[in-house]
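What follows is chain A paired twice: with chain B in the first complex and chain C in the second.
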Partner chain A sequence: MDTPLFVNMEETVSIILFGIGFTMLMLHRNLIKKILGMNIMDTAVYLFLAVKGYINGRMVPIVTNQIQDASAYINPVPSGLVLTGIVVSVSTTALMLALTIRLYERYGSLDLDEILMRAKEEERT
Partner chain B sequence: MSRQRDDYEKSWWYRFRKWVDGEMDLLDEGMEIRVPDEMLAAMDGEGQDAARHPAENKEHTFSYDGRGIRYFRRFYQVMSVLLCLSIIFVLLWTVAYLPAFGNAGNPDNNEVSARYIERGLQETGAVNIVTGMILDYRAFDTFGESCVLFIASCCVLVLLRIDAADGNEQARKRLEEANDRLFEPKNDVILQKCACVLVPLILVFGIYIVLNGHLSPGGGFSGGAVLGSGLILYLNAFGFGKTERFFTEKVYRRLTLSALTFYCLAKSYSFFTGANHMESGIPLGMPGRILSSGLILPLNICVGLVVACTMYAFYALFRKGGM
Partner chain C sequence: MSMVQNFPFFSIILAMFSGIASSVLDGKRAKHLSLCVIAVTTGMSAAVLRFCMKTGESYTYMMGHFPAPWGNEIRAGALEGLTATLFGLVMFFSVVGGMEHTAADVEGSKQNLFYIMIDLMLSSLLALIYTNDLFTAYVFVEINTIAGCGLIMIRQKGRSLSAAIRYMIMSQLGSGLFLIGLSLLYDVTGHLLMTPAKEAVAVIEAAGLYAVPMLVIMAVVSVGLAIKSGLYPFHYWIPDTYGYATPTASAILSGLVSKGYIFLLIKIFYRVLGRENVIASEIVNVLFVFGLAGMLMGSVHAILEKDTRRMIAYSSVAQIGYIYTGIGLGTQAGMVAAVFHMFTHSATKALLFISAVGLYEVSGDRKDFRSLRGAGYRNPLAGIGFTVGSLSMVGFPMLSGFISKLLFATSALQSPHKMLPTVIALAISTILNAVYFLRLVITLYSIPETSRGQAASPGKSNWKLQLSVVCFILLNLTLGLYSQPIVEWIGSGLAMFD
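What follows is the complex of A and B.
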């Protein structure tokens, strides 16, 4: 129960999530599933960052009862970083989906290998 | 002085430079799927030729479900699983050496966050320290985020827009009909009645989140997302005809641009006066009131507008290729 991996259970979970996302990105040939994998990886990073900012037994960083002691609140910096990450991931996801739609219109397939084959054939002719 | 090589055109550096310049594809042959040697030996002469020079031999290309490709796929899957497992292993190994979870003495709880907490209320006037941090101390970071959203919506617009001037009118109309999901029920009564109740509530809730960004959890990004989802629900229930009365591409352009410009100018002013130790003249107000904390409230409104417009624009573009 005292192994470092169990103490840092939240980080462990986020790493495993990251691995799942990365495996999806590598193994699936469907572009939509690749994007899903990418989003799972993003989520893992948010979890990791949010966990890094947490301190046991402290409050959310909203000033209550005029307490302004640094030892009363959790770290606010990682929360801001997670916010940045979420916005960027929304933008990249929308961009990737739009590109996927265009590829599907052009080649009629979501399979990456098939798209590459057809693009290659088109190049030859 | 280095000796000039006569086989320079075959050297790696030359090929690499050509590839960087875009004149040559270094992976031109490499992207072709390699066939294992024993498979080559099993083939007859003609097929062997085709396998070695697929680019030159048009009629002897591999079929899509060829055995070589299947072998390659198996190999690729095994290798990628191995790669992923090794990455997970290395990262978990790192996690084992990280400082313990939730410990106050961890190195990331340093003087930066302590300063934000101890002086944030006096310097920014925001009760919510995270909002005070992202919209005051690090406001240009948030400006960059809003610009990322705006640029992403521009890119999606470029990729997905169906131009009315392009092609004849009939083709465009057909395309629009197909994009607008012909087989879904239009004017669905249940959806419309639910939307009548829900859309005002969602919009009011979104406005509340945006306006209370400096007092409670929330702010421009989350409130803007709620507002955008309310608009999307309204669009789904009543169709594009209703939303186009108040939200067109022109409105989107003007709202987003004016919000971003106001954000940029206001924050530039406040940073300029702050850096030169001048009085900015922006009252911070009583902490805890709605009209307090100086520029944070207008900046939250700007961010909320940009996010709401972008969410709605993403949906409209994906659905019918225009706003």
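What follows is the complex of A and C.
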């Protein structure tokens, strides 16, 4: 149980999740599942960042009880990055969902291969 | 501190705020605002270039007065100024040239949305060029992606919607890899600002620590940005995207967006990971091989393509291959060639897209290249523009394409192991380029068969398109004829990176 993979379990999990999300986004044919994959991928990065910024036994980086000493708090930068990242991924998710709705209205399918096929047929006629 | 040093920040924020302001303006005002902002930021970038050339060094600009390891920074040098100026010029003429088509392609009430996307695109490109902070770069990469997707899908005809979703998926794969690369780099170095991160990387490399994580970081960042800029095996979204968007969007996406990512990659190589480390890690060799493959396969696909705009798009795949080959050579000269080809390609590809549209206008909007027969007589200026662009891509002397080919060949001579493949691929690719481009040019100037009943409408005079074609031709000639100072600027700009 002392192998590095178990000691750094959170990081290992986040990289595995990243791989799952990446593969889903790349290979899945269903658009909604692609978007789910994208979210899993982004969230895995946030997990990784949050884990890296956390220091055991320290507080949330908000000044409480007049404690000014930086060594009492965890690293605030990764938390800030995660917040920014969440904003970015929410907007890209919204855009992709909007596109998916448009595509569904037009081609009546969520399957990307089928959408591409119908788009080609439509152009030919 | 001189006033000019504020200009990079002003131009980014000006473009961003004009995007916000355009959301309450009508289409016409938004268009004018957008054009003004592009012109002003181009002027500012030129001033930055002049300032950096005069002082002979780059400078960093603190955002919000927090000093280096904490705050966010902008950095400007000669190369940043030059790139921003050129991108601004190309963007301005692309918007002017495609204006009439934008008005026709985009629904009336949504005109201002198109110009919001243009403003955001400009702002994100400038930020990618100027930023000295990796996470800021990531955020603006995403803004760039969203703006690019908007530019594609706003034309609701043809296959643009399915092209947009493909673009979005590939871009998300690229940004995901880029983001995890940044997170790993932050984890290893503890910095997101480029300057302290580079110092930390140097310490780590000297101590021989974290060899595998550093390799993974380099690989993941390179592959992420390569996917986004459309390097060969990841190119399949390019033809649909460039082929079905409105002309302005095609010109901007092919000419500028992919170059923004390449510029960021070069900047990260020089300013964060360290050029020697990247060369030692052999990542450049991987980029080199795929660059060569792209050079050849892009041209082969282009020859097989019937639709003119998709053909030009496949030619972009080949040109991106050239740029990555230059980066992959791993020498300073190769990098200069890559950056010069970036400029060549943005000026030439925008010219080709805009003049191709001028030729469709007089050919009944048909897209296969046979219907363009004789179009060079019906719209002479667009015909000349297309010919100049084609000759430049093939590498005709006096035009910018010739200079980039010359630079590639001479820089290849300096790296003994990569000389032969580069020169051979360069020769084959030039011949393939000539095959499809000259085939098109000959089609343009062959007499139409009257029996076929061509829709030979003599075209309403679209002076904006004509003007932008003339300006693009001049830009191309400038790059070709005054290449010496530009190459020197690129060289000194790259020297400022270290």
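Heads up, the rule we're going with is that the second predicted complex is superposed on the first by the 125 of 125 C-alpha atoms of A that agree within 3 Å, B and C clash if a C-alpha of one lies under 4 Å from a C-alpha of the other, contacts with A are read in each partner's own complex, and residues count from 1 in each chain.
Note that in this section a residue touches a chain if its C-beta (ideal position, glycine included) is under 8 Å from a C-beta of that chain, and two chains touch if they have at least 3 such contacts.
Everything quoted here is computed from the prediction, not taken from an experiment.
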Problem - Fit or clash between chain C and chain B when superposed on chain A - result: clash
Handout entry: chain B versus chain C as contact partner of A:Asp42, first or second or both or neither
Key = second
Practice task
Could you look at A:Val88 and tell me whether it touches chain B, chain C, both or neither (first, second, both, neither)?
Solution key: both
Practice task
Could you look at A:Lys34 and tell me whether it touches chain B, chain C, both or neither (first, second, both, neither)?
Solution key: second
Practice task
Considering only touches as defined above, state whether A:Met9 meets chain B (first), chain C (second), both or neither.
Solution key: first
Handout entry: chain B versus chain C as contact partner of A:Leu103, first or second or both or neither
Key = second
Exercise for the section: Tell me which partner A:Glu114 touches in the superposition: chain B (first), chain C (second), both or neither. Expected result: first
Practice task
Kindly classify A:Met59 by the partners it touches after superposition: chain B alone (first), chain C alone (second), both, or neither?
Solution key: neither
Problem - Partner chain(s) touched by A:Phe18 [first = chain B, second = chain C, both, neither] - result: both
Problem - chain B collision site on chain C, chosen from 153-161, 315-323 or 369-377, when both complexes are overlaid on chain A - result: 315-323
Handout entry: chain B and chain C contact sites that coincide on chain A, given as residue numbers
Key = 18, 22, 26, 52, 77-78, 84, 88, 91-92, 95, 99, 102, 116
Problem - Touch list for chain C against partner chain A, complex - result: 135, 138-139, 142, 145-146, 149, 153, 158-159, 161-162, 164-166, 168-169, 172-173, 176-177, 179-180, 183, 186-187, 192
Problem - For the chain A and chain B complex, residues of the former touching the latter - result: 3-5, 7-12, 15-16, 18-19, 22-23, 26-27, 51-56, 58, 60-63, 68-73, 75-80, 83-84, 86-88, 90-92, 94-95, 97-99, 101-102, 114, 116-117, 121, 124
Fill in the blank from the handout: Counting only contacts in the complex, chain A reaches chain C at residues 18, 21-22, 25-26, 31, 34, 38, 41-42, 44-45, 48-49, 52, 77-78, 81, 84-85, 88, 91-92, 95-96, 99-100, 102-103, 106-107, 112, 115-116, 119-120, 122-123
Handout entry: Residue ranges of chain B in contact with chain A within the complex
Key = 31, 55, 58, 61, 64, 77, 80-81, 83-85, 87-88, 91-92, 95-98, 100-104, 106, 108-109, 112-114, 116-118, 120-121, 127-130, 133-134, 138, 141-142, 145, 148-149, 151-153, 155-156, 159-160, 216-217, 221, 287, 314, 317-318
